[in-house]
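You will see chain A twice below: alongside chain B first, and alongside chain C after that.
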Partner chain A sequence: MKKSIAKRPIFMVALINVLAFALLFIYRTPLNYQTLYVGGSILALNLVTYTIIRYYRLGDEYLFLIVSMLITIGVVMICRINYSLGIAQVGWYLIAICVFYLVFAAYRFIGFWGRLRWLYLALAIGLFIATQIIGTTINGAKNWIVIGGYSFQTSEVIKILFIFFLSCYFGGERDGFVFNIKEKYFITLMTYAFMGFLILQREWGFTLLIFATYFIMLYIYENDRLLLLANLLAAFFVGFAGYKLLRHIQIRIQNWINPWDDIANTGYQITQSLFAIAAGGFFGRGLGLGSPEVIPEVYSDFIFAAICEEMGIFGGVAIILLYLIFMYRGLKIALALGDGFDKSISLGISIMFGFQTFIIIGGVIKFIPLTGITLPFISYGGSSLVTSFVSLGILQAISAKGGAE
Partner chain B sequence: MPTIFSALSTILRYVFITIIYLFIFGIIRMIFLDIKKMDIPRPRQIPKNMAYLQLLTDKKSLYFDVDSVYPLDTEHIIIGRSEKCDISINDLYMSTRHVQLWFEDGEWYIADLGSTNGTYINGRKMKDEPLILDSGDTIKIGQLEFLVVI
Partner chain C sequence: MINKRIIRVIFMFTLMFIMLIGYMTYFEIFQSEAVHQNPYNKRQWAYEEDITRGSILDRGGVVLAHSQGTERIYSYGPLYSHVIGYNSKIYGKTMLESKYNKYLLGQDILTQVFNLSGDKKVGYDVTLTIDHELQRFAAKRMGGYSGAVVALNPKTGEVLALVSKPDFDPSDQNLVENWINLTESEKFPLLPRATSGLYAPGSTFKIITSAAAVENGLGDEEYMDYGTVKIGNTEFQNYGKKAGGALDLKKAFAISSNTYFCSLGAKLGGEKLLAFAEAFGFNRVFDFDLPLEKSRFPAAKGDEDTAALAIGQGEMLATPMQMAMAAAAVANEGVIMKPHIVKNIKNSLGVTIDETKPQQLYRAMTAQTAEKISQMMVDAVKSGTGTAARISTITVAGKTGTAENEFLGREKNKEHTWFVGFAPAQNPEIVIAVMLEYSGKTGGDLAAPMARDIIMHYFGK
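Let's turn to the complex of A and B:
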């Protein structure tokens, strides 16, 4: 039996969109008709892309369904917090969707991605060096390159290059040698080199993300307990050394253990976030009725706190559940494939999405020390949104390939 | 205006949360059906993208001949006991012309042709009006149960 239209998930995405933007429309006086245009464009982009994926059978339809819900909630929150950023985000979403189709086509119809490991390495190192030379410092991290007025965060690109680089190895034969070093040790060395560069840029979040992805991939593919243990020890040692030597990390750990000590200064952000989550309660205060704008960076890293404040813990848990099913879908695509580059890539992407969500949500709720990283698909930010859609495009292409065989 | 807004927003917060959870529930349900479908691999003789009916009933317990797979290869198919039917099965519990399936506007429809013992979709007896079939639905006709794979 066919479900009626009202029971279809895409209809619920549309319903949330219409209701939330109608509410935002009367939120500020004088009435601003642009709100309706923003809502309409998001709705149109979601519906059109979903229809294309479904109608032309471009692989798994659930991935985009989940993402469209996340995007809708994200843009609603960003619009509510800062209007002009919301409009900018719609522009980024349009670009991201175009990139999504391009990446889909490129990955679907080009087969030699698994043989370009040196290219990925060279590109990543080139980006690192470029960031060091011509990079701009935004919010204490020197990780932005400004080209023609648009800034983009290089580490977002690097994380995708890293997955490709790892997959060239894990998806291959895995018993070769590079410069007389066993491949698995070479990969380990390179991972630490990536982490070193990211530490130089003070990208703690991405450093952790790269390490976690590498570690899980190693756990999945290699049966080398000793190497895993050595990695854990090394991570512990690096973390400890960082804590002893770097003031930045000391502050973060201190604000994790007890943010109330320095509530007016370094602990301000995290305590405001906790206040916001507490004020939300179970069902939230209602869209537009909270005051999330007191949290610094609430539209990007701390958007989860804003969602918890205005949509409640139930809303927050729903977001986590959405990421959970998204990751499950990614792993499912990987499991259905035979060994190879595609399997490794889809595993890497799913793991990375999972950890990225964990790292930032964990940081915002003070479960782990805070490291600045965006919440994929929800946070404001062009580079984050576009690279998330690059990953989504790759997953989608892999699932379409898997279905065609 | 502000009071209207806060009243609306206070009510709508429950609506939002309900819709989001319905959405999550819907997706999990669809994924569940997807997995259920994947348990039975596509038979070799069925081309890709062709819809088919997969027999779920154990063939050994039956006294008449029945295939384990029926491709839905034309746009209009009648199932019944008569030999003129597109899918003819000699099941005594089946009517001469029992049920018809047809493809229209991208959907497969099913309608009971006034059969004596009725047609059950997902365990529920279908009424007179036609229904649209989804992948993963089961059809029970006579003693046989089929899984729809679209």
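Let's turn to the complex of A and C:
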């Protein structure tokens, strides 16, 4: 059955792209033709990739549809805040798409990913140590490595390694021993080791993300409810100890409960974010008509506040729903698969996306304490974008396999 | 089993995301307004630079405040400092400038959606129910006294005049130059006395005591007035210890006999008095256009307490606005219409954005009781303590009051004086409350003639 072009969802993505970039173009005087190139490149990349996925039957087409919408909104907002970053983001998007195809092919046609657990562990630990030794501190977190002028955030890579590492266990028989330790305890121990390293790097957001992902995976696979309970207690204990001992965490909790007492200092970021959301109202001030640039780090962690200011609460809700559908598609892929490595990987990736979105959006709107982490596919940043596309490539490959079998 | 749990996880995430959406909606509806107005919000300043703030006009269209560029000009200087307030980048916004800021800036959902052009925007104009001529006259007539004048239309609740003294020049320049003086002065020029000042209402409260008595079947009580009466361990006195002889309610009201009302109050009891005070608006709040302090009436702890409360003394405090509302209840057949000061809001094209419609606020008493009290108030002006408010061509109803305060016993001649009333008594068009702080004379000597002149001015005599 043929649908008319206008009824296909990709048309909506293209329409938003054209409208938003046209608005950006017209508003700024003198006219900046780069806007059109940026919009055009994004549109072309989206259309080409979508067409390839569709015609070569590379699995679930909705995953990429949602992502292309998120990318479009992300680049529009980044361009609106800072032009040069917007152009850089287009470059990262091009690289990310290439990585996406590579990962897709590698995952689709190589079958032994489930047997490399020691490699993932070694790589992760290597990265941790490298970050500690040659890492650079950006924004109070020592989690960047600079290679040849480009810096990348190691924790973004580590989170994918972590999913692979977990899946080697959850996707396998789950009753082996490592050094005379039952496998499930070994995994637990390693998770806490990951978290320990991340805490050393002041990566509160990633620490939370790793734990939440591990916990939900354990909930899904593990029948030992006592272990779940023990984990919950441990998390509570660690959180409480952190609150008592670490000023970083105390400040975050304080600023969650009441940021208004210290607007000028520690509460500055979150209050600026709330000012932006309040300014937007339900319908937003309109693209280019707000002042999101006064929020620190608005192009990365706080981009959701900028979206709410200019596209309104309704715009923000639409973004949240897109993520929800994306995650639902991911978990649906996992549901269709039999027990195994693929199922576990697709679970891990979907759950991690879900939590990452929840943690940063919840933080920016002050629903939960703020822990810095990027908003997948929307925030500016090469590491975040490329690793998000690595995850997408894997999901895509798994869904393609499922379709082929 | 695994798939079952995955489905539960899907539900969990759906719930989490719905909570995010719910919280955002909650934030927008209940918190965003306060957040938006936060003085640290740089956006607000930025927007205001681009908007010509709307004007504020009296009911007849006289411009009371307008903007030239970013400068706010108050045409009548201090006259509206306690109504319009001020709009200062440094000291913030108060009164109507604060409460109606959103409209004065022309920011509501409609303009946000439809005003897509980047042009210089013009805010909405706010028209008040205030009668500028009356306001001007009332302020002038008050002279150098500290205090307040409140004038209402009892049938609609429209505020016709709202004067608080001392006042101050609300221009930004004056605030910058005199801020320390204004905030530290012992005369408290920044206090809007008419709406936020709390005073013992004295004998004007006898209006409410009388209403309570009539409605509780004590309208025909008679007492002998010997000039003083002892209730519990306290001796209550009439003004100047004058003995009134045998009194009924009507006569006692006209000469404002304290001994009569103390006895009546004690018989009535604290609970019934409290119930009526609350029916008239004590201990209650409503959303007025300006910050309105809650008038207080305590639960009495025995007959002595009740007796003191019945004559408007004791731990009771009322704003001049509250006492004007009490008189308005009598004037409007027992119903207090909701006081309001903003008549309508129009955009720069003259399209009405919002309009205040008269609304019933409280029913204080039955129409029959109101009729009785009204007659008593007419008598008080005709032949009682309020004769100074008499006008030959218009029947004025009123009640005077002279209230003790914290200076009692230490310094003489520091009483607050009151007059509340309305005219014409048969078909009231204006309710007035005059309160002068620490003025040291009786309400009959000082406040009543002031009220008379203001009423005469209103009717153009």
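As a convention for this text, the second predicted complex is superposed on the first by the 402 of 405 C-alpha atoms of A that agree within 3 Å, B and C clash if a C-alpha of one lies under 4 Å from a C-alpha of the other, contacts with A are read in each partner's own complex, and residues count from 1 in each chain.
Please note the rule applied: contacts are C-beta pairs under 8 Å (C-beta built on N, C-alpha and C of every residue); 3 or more make two chains touch, one makes a residue touch a chain.
Here the structure is a predicted model, which means the values were calculated and not measured.
Participant: In the overlay, answer first, second, both or neither for which of chain B and chain C A:361 touches.
Facilitator: It touches chain C, and chain B stays clear.
Participant: Let me test your reading of the model: by the given contact rule, A:283 touches which partner, first (chain B), second (chain C), both or neither?
Facilitator: Both partners, chain B and chain C.
Participant: For A:320, using the defined touch cut-off, is the partner it touches chain B, chain C, both, or neither? Pick first, second, both or neither.
Facilitator: Touch status of A:320: second partner only.
Participant: Determine, under the contact definition given at the top, whether A:305 touches first (chain B), second (chain C), both, or neither.
Facilitator: Neither chain B nor chain C is touched by A:305.
Participant: After lining up the shared chain so the two structures overlap, which partner does A:271 touch, if you call chain B first and chain C second: first, second, both or neither?
Facilitator: After superposing on A, A:271 lies in contact with chain C but is clear of chain B.
Participant: Which holds for A:210: it touches chain B only (first), chain C only (second), both, or neither?
Facilitator: After superposition on chain A, A:210 lies in contact with neither partner.
Participant: Could you tell me which stretches of chain A are touched by chain B in one complex and by chain C in the other?
Facilitator: 27, 283-286, 289, 321, 328.
Participant: Name, in rising order, each residue of chain C that touches chain A in their complex.
Facilitator: 2-3, 5-7, 9-10, 13-14, 16-17, 19-21, 23-25, 27-28, 31-33, 35-36, 38, 40-43, 46, 109, 112-113, 116, 118
Participant: Could you pull out which chain B residues touch chain A in their complex?
Facilitator: Chain B residues touching chain A: 1, 4-6, 8-10, 12-17, 19-24, 26-28, 30-31, 49, 107, 121-122, 124, 131-134, 137.
Participant: How about chain A: which of its residues touch chain B in the complex?
Facilitator: Contact set of chain A toward chain B: 1-3, 7-9, 12-13, 15-16, 19-20, 23, 26-27, 29, 57, 62, 65-66, 69, 73, 283-289, 310-312, 314-315, 318, 321-322, 325, 328-329.
Participant: What residues of chain A sit close enough to touch chain C in their complex?
Facilitator: Those residues of chain A that touch chain C are 27, 216, 219-221, 260, 263-264, 271, 274-279, 281-286, 289-291, 294, 308, 313, 316-317, 320-321, 323-324, 327-328, 331, 334-335, 339, 347, 351, 354, 357-358, 361-362, 365-367.
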